């Protein structure tokens, strides 16, 4: 486990020494503050659209950071050849995968903490109301979802040629799942066989990332999701994350290091 | 005496890309045996199979046939690398880390306790003369400094076997001298050093034994004097003769 | 000082060029022709704003979506997706002008029973109950002021599609309910500026003057303008604006005019408007009663001999 945590620490250091996170955070902050400074009908208490916009930006930024960070881990190690002195130590390829996964995932968690703190401050200053439990739950669910995305991206980084193609493809796949994944069953009903069966198969195979999107509940003050449901969703996430990590290891263990 | 590095009939074949998928042999039945305390030079022209041999020993690529052992453990087991240090030819380190962070990372990988790691890092940074630059990011280092970081990371676990791939490549004469001094010091401490090099003058100076490989086959192995033999004046001439090089003037 | 990378400078220059080009193209035609008062009087109702500049006519689609966002906010996020909207024919619309959404309507059933375990689990993570913001919202607490949350989307809807009459009307209605009559008036004025002579907006403005500003005279004048505007429309326009028989707005205008005239004691005028309303109102019996009462009051006032 020492090796895995050591690798995790390196990934986190890399994240906060790169500029991606700061640029996206500043962009999110600027857009949120600009949107929040607009006074519709001179009413300072209107806040939901700010919450909605800020949460959307948090989701986009977190996904960008997670996918971009995970997509370059293994390819960058191979390209810069830092994989060689690493694997020359008593380190297995499986440990490298796990270390990279935990590093990217924990890094995304830290990113979320910063973004959600900003979100709470901005909206709380308008609403004079801090539903900390709601925000915490939303953060946890999003973080769990990012675990699946991290694992998927690591797998993509082994399969696809370049980090840029991994980022593009994974971003499209993730966006597609978020927007369409939950509605594929409806789409399937409107199609004849064999397309219906194909769409239904895809519907049941894909990881349903939209399960973890509780933005509507947070923005519209619906209160907490039952912790039992959160637990079920977490188990679902663990299963998919484990599957993707296993596939990543299977793909990586025979892969040439150059 | 048990060999700490041993290969038995080691073969590595690469399958070429394309329709034909020709097999290209990189190593053909390599048999090597290196004992504790030796400084062993591994020589050969470009493309001879030196790097392939090192890659197999370090577990980067699996052998097609044959076996290789480090300290009696199959090289495919990660634990075989617990007591070795590796210095790659090119400086391949995380540019966003400082030298101290890099060494601490590798110390953690080896499972060194914190206090011991701190002590070791201080010693190594002093040895490679990077104390003043320990907090600077590696991306700000010169090539020579990066090479010295490499030497430090190769020694972080106080290895019993050091595998060096062209350790003086790209270094100025001062840097080369320092590397030779380090190798000499390690030898005096009873460590084993296995290194590949094109600098035959250096090899002749520091090595106890040498092996010459060409086109995947072991052509000669033995003490330096033994390999030079009575027919050659220096290792370079012997090397050229063994690999079958004929100068145009001679022909 | 570190020199900036040339690529950043190039990106900045490109951004500046594109921005200037966008702005100048819009102004180029104007520079060639100096606008006169006649141009403004042509009845150009299109607002020349940044959305039109950037998006062209496509902005109207966005405007429609902004209105849908307002509706979604009104229902606290419980709203059919574009896939669900195809499924149900029922129009999930916000109540306005005193209309009350039928609680027994199928609009809260757009989700239907979950078809599989994934959909069933997903229901727990999204809004899953039909609520209205003015009715307590998801928390159930009476906080009518939370309806203000829909206002930004209505404003954006009208900014993107200045011909979106419904957005002006709904915005005006909720601003009134939020006790912001001045803001409601200004919003309706903006709608009339972009849609000169629109009978619906004039009707709403008259209502505002009558009920919130208690200015019956002004309300009468505005309603008269609404009536004239309605009568000037052809039957097709009336039908598209005011339902299949195109009469609901006419009914509202005439009834309210009658009420104002009654309060002012102008019985003959009141009777005239009630007769007009009776022709189209679905409550013609009630209107007839009002006509009889008005006649009785008019006769009483004129000093008819008592039996």
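Of note:
As written, the chains take the letters A, B and C, and residue 1 is the first residue of each chain.
By definition in this document, contacts are C-beta pairs under 8 Å (C-beta built on N, C-alpha and C of every residue); 3 or more make two chains touch, one makes a residue touch a chain.
Quick caveat: nothing in here was measured; it's all calculated off a predicted structure.
Of all chain pairs in this entry, the one linked by the most C-beta contacts is A-C. Averaging the CA coordinates per chain and comparing them to the mean over all protein CA atoms picks out A as nearest.
Comparing the centres of all chains, each the average of its CA atoms, the largest separation from chain C belongs to B. Separation between the centroids of chain A and chain B, computed from CA atoms only, is 41 Å.
Each chain gets a centre from the mean of its Cα atoms; for chain B and chain C, those two points are 80 Å apart.
By the touch criterion stated above, chain C contacts chain A in their complex at residues 73, 76-77, 81, 83-84, 87, 115-116, 118-119, 121-122, 124-127, 137-139, 145, 148-149, 151-153, 155, 175, 180, 183, 187.
The touching residues of chain A, when paired with chain C in their complex, are 38, 40-43, 45-49, 141, 182-183, 185-187, 203-204, 208, 210-214, 216-217, 219-223, 225-226, 229, 232-233, 236.
Put simply, chain A touches chain B in their complex at residues 2-3, 5-6, 9-10, 13-14, 17-18, 80-92, 256-257. Residue ranges of chain B in contact with chain A, taken from their complex: 58-61, 78-82, 84, 86, 88, 90, 92-97, 101, 105-106, 108-111, 137, 150, 153, 163.
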